[in-house]
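Both complexes below contain subunit A, partnered by subunit B and then by subunit C.
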Partner chain A sequence: MGIISRRLIAFWSSLQLTVCLLIAMGVLVFFMTLYQVETGIYVANQRYFGQAFIWWQSPWGDIPVFLGGGVLGGLLVVNLLVAHITRFKWTKAKIGLWLTHAGLLTLLIGSGLSAIQTIESQMVIQEGQTVSYSEQLRTTELAIETPLSPTQNRQWSIPEALLKPGQVLRPPQLPFELTVTHWYQNTRLEMNATVGQGLPKATHGLGQHITVFPMPPILRDDFRNQSAVLVTLTQGKQSLGTWLLSTGLGAPQSIVLNGVTYSLSLRPQRVYHPYRIRLDEFSHSYYTDTNTPKHFASEVTVIEPDGHTHRATISMNHPLRMGGNAHFQASFGQDGKSTVLQVVSNPGWWVPYVSTAIMTIGLLIHFGISLMRYRRQHP
Partner chain B sequence: MIMTGCQSPRITVSDVPIDAPIALTKPQTTASWKGTPPSNWIPKPAGAFLLARFDIPIQTDRMDASVSMLSGGAGGLLGNVNRWRGQLGLAPLTTPPPTESILLNGAAYQLVVIRHTPHSMAVYMHQKGDNTWFFKVVGPSRQLTTAQRAMETYIKGGQWE
Partner chain C sequence: MKTAWQWAVVALVGGMVLSGLIPRSSGPMNWEGLGSVPVLHLGRVKPLDTVARSTLLSFKGNQSLKGVTPSVQSPTEWLVTVMLYGTDDMPLFMVRQSEVLNALNQNPESKPVLSFKALLPYLSVIDTSAQHALSKPNGMRTQADREWMRLRQNLSFYTQLKNTAQPEGIPSFSVYATRYQTVLPTYRPQLMAHLSGESVDSGMAELVLYFKQFQHIANASAFRMCPPDAGNGVWKSVGDGYLVALKDPHPHPVAPLVTDVLGAVDEKKPRAFNEAVSEWQQVAHRLIPTETLKCRIEAQFNQGDVMMKWLMVYGGVSLLVLIGWLWPRPWVFTLATRLAWLAWIGHTLSIALRMALLGRPPVTNLYTSAVFVGWVAILLALWIERRSRMGLGTLVAGVLGFLTLLIAHHLSLQGDTMEMMQAVLDSNFWLATHVVTICIGYGAVFLAGALANVGVIRLLCRRMDPAMKTSLTRMVYGTLCVGLLFSFIGTVLGGIWADQSWGRFWGWDPKENGAFIICVWVAAVLHARWGGMIRERGLWVMAIFGNVVTAFSWFGVNMLGVGLHSYGFMDQAFFWLMLFNASQLVMMWLAFWPRLFTR
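Here is the complex of A and B:
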């Protein structure tokens, strides 16, 4: 083995690297905690753990100033694996240590996979309403729907990532294509505005009366940007007009082609579930003389895909787990007759439990072996 | 798992159920409002969101008056106030502002007044059935009080059906 290889292995397996990475992780979490005071946990998590680097927006462009949490975690995994392969020997006396590190590896790798796989969305239901989907509030989709039957629609979902100016979209089976002319992350919409005459406008639909004023995106957990897109529809070489779609416009807009109605909307990205949930009753109470909720609960009926129904109560700290999703009581409407459920799909939910159990067993074995060794040496 | 998590965005086609509301607890109620605007009010195209829209000429200025209706809580007081503040170029609030309750023709209205320069706004909100109605005047700040009086007269002269 060459000297370079030996040095590389020594570097990647060193305890100093472990300590440095752990300190770096601590520094990262400290600054993330400060940042999340202003922005909230989601935005801070995206900035500090969702990217390879922490970027500083300087006057000369974005400059990477620190490694992201995911990269640091990955380096820790590599460090631990290389150390085990090259330095730790497989002996009975070390079984506790091996188990502890195996648990740690499971936790690190599982956390990374969970971060990629977890989908969080919200289900808003009014009393008496039955809903089969939840909405991801941080991403939008351009949705096109056409009726198939009295109970079903066919839906084309175009994710926000494809809504780039100049992008030509050809959804399969649709008789028209869409060209994105403008995309705005955040906007202010004004009807019949007397200013902003030079701004791009729709030629068809609601947007003919609306001026779109671009606004800087706001990165805060408690704020929803009002996104908007201008799309030109064409059928063959014939233009069907330019349409304004926005999350600020409540109802979809329709276009009829060959007797078929297609409704267009820009909305939070939907996640459809195989089951449906009906809100039978919502109840809530406040602490005396305050606006702080004391207790709120949703009495729901779950309608399974095969038509079977069963009733459930979802309340604070008592989620409904079903179909791989956990439904938490998150909030409620101001009218007191609607509920907001946080729907969390996390295939790796078991990882923290299993890894913690492995680490606990490993530490118990390790300390037990050490204790026995001590007692043998000091009878 | 990693592969599915890193999929590139693509257009998806699916058949989805239509989620229709089922009235189990209480039937939805709707009401409509009919009012005759003063003769000097000039009707304007209402647009998609509005039920009626007028210009109110006051001296050399014109105030914009409108009537609109939204279902349910219509996004709540804070959401609406911040939307209106945005229309006047004001920053959003984090807590709902104080409002005034007034009686017009026997019905209670919640009055929100947003003063700014050069334009100000007054909105009379009224909950009727499951809907919220908005009677709004907006325009040059110096004419707001006069426009409010005109709007209150318009509301008092109207009728709920």
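Here is the complex of A and C:
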């Protein structure tokens, strides 16, 4: 083995590297915590963990100032693997160490994978209403619906990523095509505005009377952007007009073509589930004379794809797990007649349980052995 | 028995602390008895004394009773005075926020405590500003917004207090209440008819007047004094207690007693007062025996102020050890250690009593976390002392006990420390496992840091022999291992709780980040030690920095939520946290003093 590869191995297996990486992790998380105060958790997470580097927007352009969390985690994995393969001996005294590190490896790799796979969405249900989908709050979709029968709809949905100005969309089996003319991440909508004459406007639908003022996107977790899109519909060579669609406009807008009604809307991106959930009753209570919630719970009926139904109660700390999703009681409507369920699909949910259990056992064994050795030496 | 006199000292100190718990009367009127009656306030059954104390704390940040005429001796007496006459002239409302103070025409530098009378011209300004703040979403509120809301809430609670037992401005209310009960049986059918809209003769006017007054105080009541008597668990206000007489033959038994108590205070009749109080206690005992007993204990505990006294004992222990180091006599150390154990046992009993009163695990909020973190650290320190017998463990136990209880004392000034739990936290299982484990982790890491601090100081004073240095290093190392183990398990349990509640094991929220940083820091220290990168000095220095890291995740994280420039408590706390961090950085720097470790 050459001197270079020996040096490389020595570097990658060194405890010095471990200590540096651990401290770097701590520093990273500390600054991320401070950053969260301004931006909320989601954005801070993207900035500190979502990229290879943390960028500083300096007057001279973006400068990378630190390694991203994912990279640090990856380096730690390499460090751990190389150290164990080349340096560590398999002895009885080291078994706790081996277990702890094996657990840590599983945790680092597993949590990296589950961060990619997890889908979080919210399901809002009014009392008596039955819902088969949940909504992802951070992204929108352009939806086109047309009735098939009195109880059934046909839907096309176009994800936000495709809504770029100039993009021409031709969903199959639709008699028209859509051209995106403008897309705004966040807006303020104003009826019959006296200013903003030059701003683009719709020629048809609700949007004819509405002016769209672009706004900087809101990054914080607790606020929603009011996105808007202007689309021109064309049938063959003939233009059908331009519509304004926005998450700020409640009702869908419709167009009738050849006797068929198509309703258009921009809405939070939906995740459809094979089952449906009906909210039978929402109950909540406060401690007497306070605004501190004591308990809140949703009594629901689950309607399975095969028509079977069963009842369930979802409350704080008592989620409903079903079809690979877990449904958590997250919040409730102002009137106390609707519930907000957090729907989480995370196939790797078991990874942290298994890996941290292994690590805990490893730490207990390791420190237990050390303690026994110490007591033997110092009776 | 050569040490008999030491045990006598220990017994004497214990007796002095516990004597505060013996009920004793301080005058002709049984105010202590009144302070112990159970009432329902902010969702919890608590003694009247706790209502009085926590109200004072949330209004003005302390329990001082200056500026009341005629002067009052106890928080309970103050509360009764407010309900009877109001204390509009007393400086009662702390205002801390320059924008708010400017709007109230006050000097922002003066940190004033304002009376209700002084605030009277500004009520509409306060109301408008608070309404405006309330209409904003939670994340958008400024410091001034929060201060407006707090001020309005306190003012409205104060006004409610003045209308809880009787309508404001009618000191001789007992006459009305007696008349009401006398005329009610005759007129009951007519009153019911009047209420359902039928016209009645003019003889009813008197009764309708009373009725309206009771209805007024039923609506305005600040807390509820009539315990459940119908088996449905519903507490009633005094007004409602009187109004039930419309249907039942009698009012709720406590309602007229409240009027009697206030009447006796107004007319300065101690005997009538004491009789009414003792009857109130009996009625409460008959209706809700367990809660009444708990409230009696809690009120006694409030008055005894035992935690403050254990704090002083811990302080005394630290001084004794320091004396012992300057003037070495073996008995000084044994006495200090015995006193430290005494204080720790008292500390334990206080925690146990609190758990029994609340039916909760030891840690439910920041205040109890301070008490519990101290408890853990002291236990570990005293265990170290048992094995090493050098006074080090005892000194650290004394200092940590003193500091954590001092922090706890200041945290307790924010209001009732036994508030009810939010729905999401309402899980005794997770509170008992996750929160307790995390706090043990905090306690251990602090202990390691404290040991290293003491080590550096002794080195600087040239009072360290090699054996002690080695043994101290081993203590720091071992305590850090304990800290890592518990911090890690606690963090994992927190992840499991989060996964059970919200469907995510880890979400990088500030509190999780704090726990994470402790774990990686201690892991980094231990790896550096195993890799031979650090020796004694490095271990000590890194252990001292562990204090900074732990203080951040314990308190710093809570200050992020309210912003770094908040008012009142957190403002001061932020200053002290920074001072603590600075002191620890200085200690780290001092550890690098030339020839400190090489001699």
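Assume the second predicted complex is superposed on the first by the 339 of 379 C-alpha atoms of A that agree within 3 Å, B and C clash if a C-alpha of one lies under 4 Å from a C-alpha of the other, contacts with A are read in each partner's own complex, and residues count from 1 in each chain.
Please note the rule applied: a residue touches a chain if its C-beta (ideal position, glycine included) is under 8 Å from a C-beta of that chain, and two chains touch if they have at least 3 such contacts.
Note that this is a predicted model, so its numbers are computed, not measured.
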item: Three-chain arrangement built on subunit A, subunit B and subunit C clash or fit; value: clash
item: Touching partner for A:Phe53 - first (subunit B), second (subunit C), both, neither; value: neither
item: First (subunit B), second (subunit C), both or neither touched by A:Gln126; value: first
item: First (subunit B), second (subunit C), both or neither touched by A:Phe11; value: neither
item: Partner chain(s) touched by A:Ile116 [first = subunit B, second = subunit C, both, neither]; value: first
item: Single subunit C stretch clashing with subunit B - from 130-138, 274-282 or 472-480; value: 130-138
item: Residue ranges of subunit A touching subunit C (in the complex, touch as defined); value: 14-16, 18-19, 22-23, 25-26, 29-30, 32-34, 36-37, 41, 44-45, 49, 111, 118, 120, 220, 222-223, 286-290, 292-296, 316-317, 319, 326, 328, 330, 342, 344, 346, 349, 352-353, 356, 359-360, 363-364, 367, 370-371, 374, 378
item: Subunit A - residues contacting subunit B, complex; value: 113, 116-117, 126-133, 145, 147-148, 150-162, 169, 171-173, 188, 190-192, 206, 209, 272, 276, 278, 280-281, 333-335, 337-338, 347-348
item: Interfacial residue positions of subunit C with respect to subunit A in the complex; value: 40-44, 137-139, 223-224, 235, 387, 419-420, 422-424, 426-427, 430, 474, 478, 481-482, 484-485, 488-489, 492, 495-496, 499-510, 513-514, 516-517, 520-521, 523-524, 527-528, 530-531, 533, 549, 552, 557, 560, 563
item: Contact set on subunit B toward subunit A in their complex; value: 1-2, 4-6, 9-26, 44-45, 47-50, 72-73, 76-77, 86-87
